[in-house]
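Some structures are shown below for you to check.
Next come two complexes built around subunit A: one with subunit B, the other with subunit C.
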Partner chain A sequence: MVEIVQATRRHPLQAGQLDVASVSVTLADNATRVSLRAKDNTVSALSKALGITLPMKPKTSASNGGRAALWLGPDEWLIIDDADSGVIADLAKVKVLHSAVDISHRNVGIIVAGKGAAAVVNGGCPQDLSLKAFPVGAASRTVLGKIEIVLWRTGEDAFRVECWRSFSNYAYAFLQESARDVAI
Partner chain B sequence: MLLIKCPYCEEERPELEFRNAGEAHLVRANPIIEQSDDDFAGFLYFRQNPKGLQFERWRHIHGCGRFFNAVRDSVSDKFLTVYKAGEPRPDVSKLLSPAAAETEPPVTKRPRAKKVQV
Partner chain C sequence: MSTSTHSGSNRIPGAGRLTPAKTVRFTFDGQSLTGLEGDTLASALLANGIHLVGRSFKYHRPRGILSAGSEEPNALVDIERDKSRKQPNVRATVQEIYDGLKVKSQNRWPSLTFDVGAINDVFSPMLPAGFYYKTFMWPKFAWKTIYEPKIRAAAGLGVVPDEPDTDRYSNRFAHCDLLVVGAGAAGLTAALSAASTGASVIICDEQAEPGGALRYESDVIIDGLPGFEWAVAAIEKLRAMDNVTVLTRTTAFGYYAQNFVGLVERISDHLSNPVSDMPRERLWQIRATKVVLATGAIERQMVFANNDRPGVMLASAARIFLNQYGVAIGRKVGVYTSNDSAYAAAIDLKRAGIDVPVIVDTRDNPTPAVVDAARSLDIEVLTGHAVFSAGGKRRVSSISIQPTRGGSERKVAVDALIMSGGWTPSVHLFSQSRGKVAWDAANERFLPGTYAQECVSIGACNGTDGLQATLDEAFAAGGGKGKAIVATGGTNWIGGMIGSAPGAGADTTVKAFVDFQNDVTAKDVRLAVREGMHSIEHVKRFTTNGMATDQGKTSNLHGLAIAAEALNRPIPAVGLTTFRAPFTPVTFGAIVNHARHDLFDPTRRTPIHGWHQTQGAAFEDVGQWKRAWYYPQAGEDMHTAVNRECVAVRNQAGIFDASTLGKIEVVGPDSAKFLELLYTNPWEKLGVGRLRYGIMLREDGFIYDDGVVGRLAEDRFHVTTTTGGAPRVMHHMEDYLQTEFPHLDVWLTSTTEQWAVIAVQGPKAREIIAPLVEGIDMSNEAMPHMSVREGTICGVPTRLFRMSFTGETGYEINVPSDYGRAVWEAVYERGKPLGLTPYGTEAMHILRAEKGYIIVGQDTDGTVTPQDAGLTWAIGKNKTDYVGIRGLLRRDLVANGRKQLVGLKTVDPTTVLEEGAQIVANPNQPVPMTMIGHVTSSYWSENCGRSIALALVIDGSKRLGETLYVPMPNGVIEVEVTSTVFFDEKGERLNG
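Then we have the complex of A and B:
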């Protein structure tokens, strides 16, 4: 006999209400963000000004207090700090050649935390997010569904997803939907 | 999904993070003003598109953002190797059979070469 299973209908605009206990998808606080581009020989001066040793290894990050530097490319970092950060002023004092662009309002941060957080992100991100391949502190530009994101693992079961502002509705709804799928 | 190694990220990453950027090792003539229209058309438009091994540019666009080069078999889709932009073409015969290349004198065999090379 065929048993008919009726799926519960959910309103398409219901994305904001995640009725899942094991994992949460929440909005990160507003932050200051800087896109930093610099050559190897300027890294020490910039590190000193930032108070963070800029990471030089692929897929890594370094942080000091609320301020963090994520390696995005061989000469590119994403700096994330609190909303009232003085990071722009700190970098303005650096005399060596570099490019620091304030992109605080370009990005939106989403926090995925809880049991199965990696599976939630993997719902749309093709990278290997096992702790061996993507340990705590790992950071990388990658994709989530149809959009580009920067992914940063802040804990064994915690990720920060940074996406562009105009993609944030999509990213938020996508992660909520993914969270429903992996909910325990 | 293909896994493609990025020489800058130093690991294999999913193909969704990459874009193909056409044939590699195309060199703009210098000074370009002295180049004939036919040669310039060859540089600008005409590509090898071989069946088999080819040198290609790739970009890790949704990763580190860097362009790099790869040797790929257009029949099997297999990547033989990847190398950073600006590095010379690797020896294909060595890549195909590393053991044979050690014992026999190297055979200079490449996909059909372009007029201008690095």
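Then we have the complex of A and C:
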């Protein structure tokens, strides 16, 4: 009989030290992520199940505790929650028409925080990140250098960058490079 | 800082704004010199009495410093920090000096004062404009072998660095309500006005100091302050505001669509020891709601004989060198002008104690006030006179003066000459914005006419004369409330002349330079007209006027006027060339910025990549992915390693990283209907837990992609695509869903990177995996070939596919990516004693070819139908619709004579064909032979003990058993046409 050894998680990135004091680029904790797709007429039922009123406007998000829903398209949200959350189970109970796909391992989260965080992201992201155009809570699928990201402003000087796993080394290196420039 | 306090013999005590104690040491052609902090290289050289800075491009004439700004055509030098950080063609008027700066002159050999290439000046009658086009026409062969190599060796300015640039460069995107280009009186006023309304403002200026013309205008008072002091106070006020970004040493070089403006900020070029993280330059890509152009005007030279002699410079430049840097450009300075502005320069010089023997003015009746002012300082003013020629060679030593209407010549000794042909409004960025310029006939200048974007020009670049009028215009442009500030003094931008000055001489042999950098003279332009060039575009290309790196900032209008005069046509009828980006040269480093080394392009690695590395795998690039290619063991070459891997898979089992396969989760009640429309195969009746190989076509009926699709639930499918096809297949599906089939309730989510995929293939595959799996009955009966089950492996969730791309019993274990490495290692540890062998993409290619499984993109090329590829079985016979169904019925797609996929066996089994090799029916036919097909895949197959190949051959399926030929450089290879399956033809091993 072969003994089954429990497989352990391995994050694609090794946290690196950034020798910059004013702004930090760090790896987000493991998270549960769901790509949620649904039509307008099911939004209220899904909102109820999630405990979040799903946002309906471009560049917006809604959150409740550790759980957040980012508007990505007219029928598309990125749900982010703690790694051990029951968000997938919550959605499985919903009877209305929708698509929920677990993408927890597809994405990697990177946190940019501190003075000049917006400028760090603007090193590779062409969006207007002024507080007027991209206030706290704003979220958008956009680009960073040569890759696609989801950008979410979690504070005046804090952003969460979500990208696909195999692009995370690029995103992490890019943001660190940009942080060095901003800290000059 | 060095200890010397001597910063040049031409430094005038009390003049300028630099601090005498702050000295800086630098070298020029090895000579150690001292300047002051804040000096440009030009001002520091002039302070040390050095005018001769370089040699010209074509004639190698001695050249000095013409200007004090970015329009400089002459003073180009080579700057070297170290071997990898060399920069040719740096303008001495832009480069600031720092301790340890090393400068070399260019385009001279063996030395700047004695230059062999200057022989070109002597032979210049043999080198007229357009000489390239004529001289090197004959004999024809000589162009490639003699002329071009020689010209290329002799041509060019400066030397390209031969090591990779080690400097850093960065990038910043930014948005603002108002972008102000230029921080002179106009730009600063507009920025202050806009900032007071709360608007977000970015203001940039190419100089280190703000002020523009205020840096040298000695008579300006704004808001009660001397001009420059006001400018410094204004920029400090702007810097302190949260809604304003001030960028000095920053050039707006490109004005693109929708108010997108490119800026380059020079961050460390002026520093002796930049800190290590500091980028050399930063590219700013700015989207502005409104752009204010306050780019000023550029002074023109006078066009007369030997106007290029070192020591001959623009009047405004002399004023900057004096009033900003405290440097006298000479001790005895002549003045040659055709407008009022040079008088102010003459007066400033005279007041600083410099001898100004004469002002030569081409006008018969200049403005009385300026003439009186000069005469009151005992400066002789000669009206209606012209400077016919400058004497001296490496430095101007005299000027020859004559009345413009002819008369006796008078020679005046000078050691410098300042000149002003008038002012050309800097409409470069306006023109780049696709604005149309308009000809101001009264003042002989092009001004902004029709605007194409949300943009406004103010001040000198808009032809606005008078400082108060400029400030009023600027204040309004900024949108501020209240009134503009009050100002007096300032330069009169109007007047002057364009074209040859009197006495530059029609059809003489004198060199009266129009374009200094490209060595274009007035007679060259006239020659171009005589040769039949009637448009300025043709004149420009014939003479190269305006085509150097300065893009003709001082020469364009002169060249145009001379051509128009020779053509006897009005200037607008001859035309003005369009200005293009960049305004001044931009480094490749700034354009590339972060995209170097690891950030040049993303490198995608699978979750198991690190393990492959520890095993010494060789990797191959597949798009942006790194894939394990093969795993050489000690002493193995690629061939041996791949053979070993292929044999192991068929005899025991192999383990393969298939994580890069594209994956799409298709969810919704209409999922099966949607797949019916996207694939040739039927899907409605595919049972839950079953897999099917699917073919996807384009509308034209040709194969687009293929892959295995699993049904996880009635309303949920797990679709796989080729590695390279993943993004485009996703877009293809989404495109059809949104535009053709929006009525279907179905959603697509890319899950490529959610799942790590571990393929275990071979007779022992089940034996290896089964003990690690829980919740799935893996028996052949319960989980046959082409089925999918969900359960756990090593305690983590898996989607276990039973499928094969090798022809062996096989599984593809999908686990969430972060678990990929651990599960792979557990499977490998479990399988190793049973002979489990890791295999790479090369072995995978061979194993699938042994079974005749196609690779889309290798065995297909976008012109292959399922029938051509022998995949007719994958088309649902009863289907009435899918993408490509009508394409497949096209006459040429069903006709005979199409290329079809076949197998090829070389008659000599050890010969391996070359992929891409052409196939003929008769090798004895004359060349060019009729080619009937080509090899698409070809390998040595250790399992078959011979070479195998796949090929697309005309009517291939009817040729089984035929002998065909592959002509190669070393002889003809004989091949037999066979089935595409070379191993286990009955496919029994799949179900083991």
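Please note the rule applied: the second predicted complex is superposed on the first by the 168 of 184 C-alpha atoms of A that agree within 3 Å, B and C clash if a C-alpha of one lies under 4 Å from a C-alpha of the other, contacts with A are read in each partner's own complex, and residues count from 1 in each chain.
The rule is short, and it goes like this: contacts are C-beta pairs under 8 Å (C-beta built on N, C-alpha and C of every residue); 3 or more make two chains touch, one makes a residue touch a chain.
These numbers come from a predicted model, not from an experiment.
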Which partner does A:13 reach: the first (subunit B), the second (subunit C), both, or neither?
-> neither
Of the two partner chains, subunit B (first) and subunit C (second), which one does A:148 touch, if any: first, second, both, or neither?
-> first
Mind working out whether A:74 is in touch with subunit B, subunit C, both or neither, as first, second, both or neither?
-> first
Look at A:59 in the shared chain and tell me whether it touches subunit B only, subunit C only, both, or neither; answer first, second, both or neither.
-> first
Could you look at A:126 and tell me whether it touches subunit B, subunit C, both or neither (first, second, both, neither)?
-> both
Subunit B versus subunit C as contact partner of A:35, first or second or both or neither | second
Touching A:89 in the superposition: subunit B (first), subunit C (second), both, neither?
-> neither
More residues of subunit A are touched by which chain, subunit B or subunit C?
-> C
Which partner does A:140 reach: the first (subunit B), the second (subunit C), both, or neither?
-> first
Common interface residues of subunit A with subunit B and subunit C?
-> 126-127
Subunit C partner contacts - residues on subunit A that touch it in the complex | 1-2, 4-12, 20, 30, 35, 37, 75, 97, 99-107, 119, 122-128, 130, 133, 145-147, 164-167, 169-170, 173-174, 177-178, 180-181, 183-184
Using the touch rule from the top, collect the residues of subunit B that touch subunit A in their complex.
-> 1, 8-11, 13-14, 16-17, 62-66
Within their complex, subunit A touches subunit B through residues 58-59, 72-74, 76, 126-127, 140-143, 148
Over in the complex, which subunit C residues touch subunit A? Could you list them?
-> 168, 170-175, 200, 267, 275, 277-279, 282, 285, 287, 594-595, 598-599, 601-607, 624-625, 665, 667-669, 745-747, 749-755, 771-772, 774, 793-796, 815-823, 826, 830
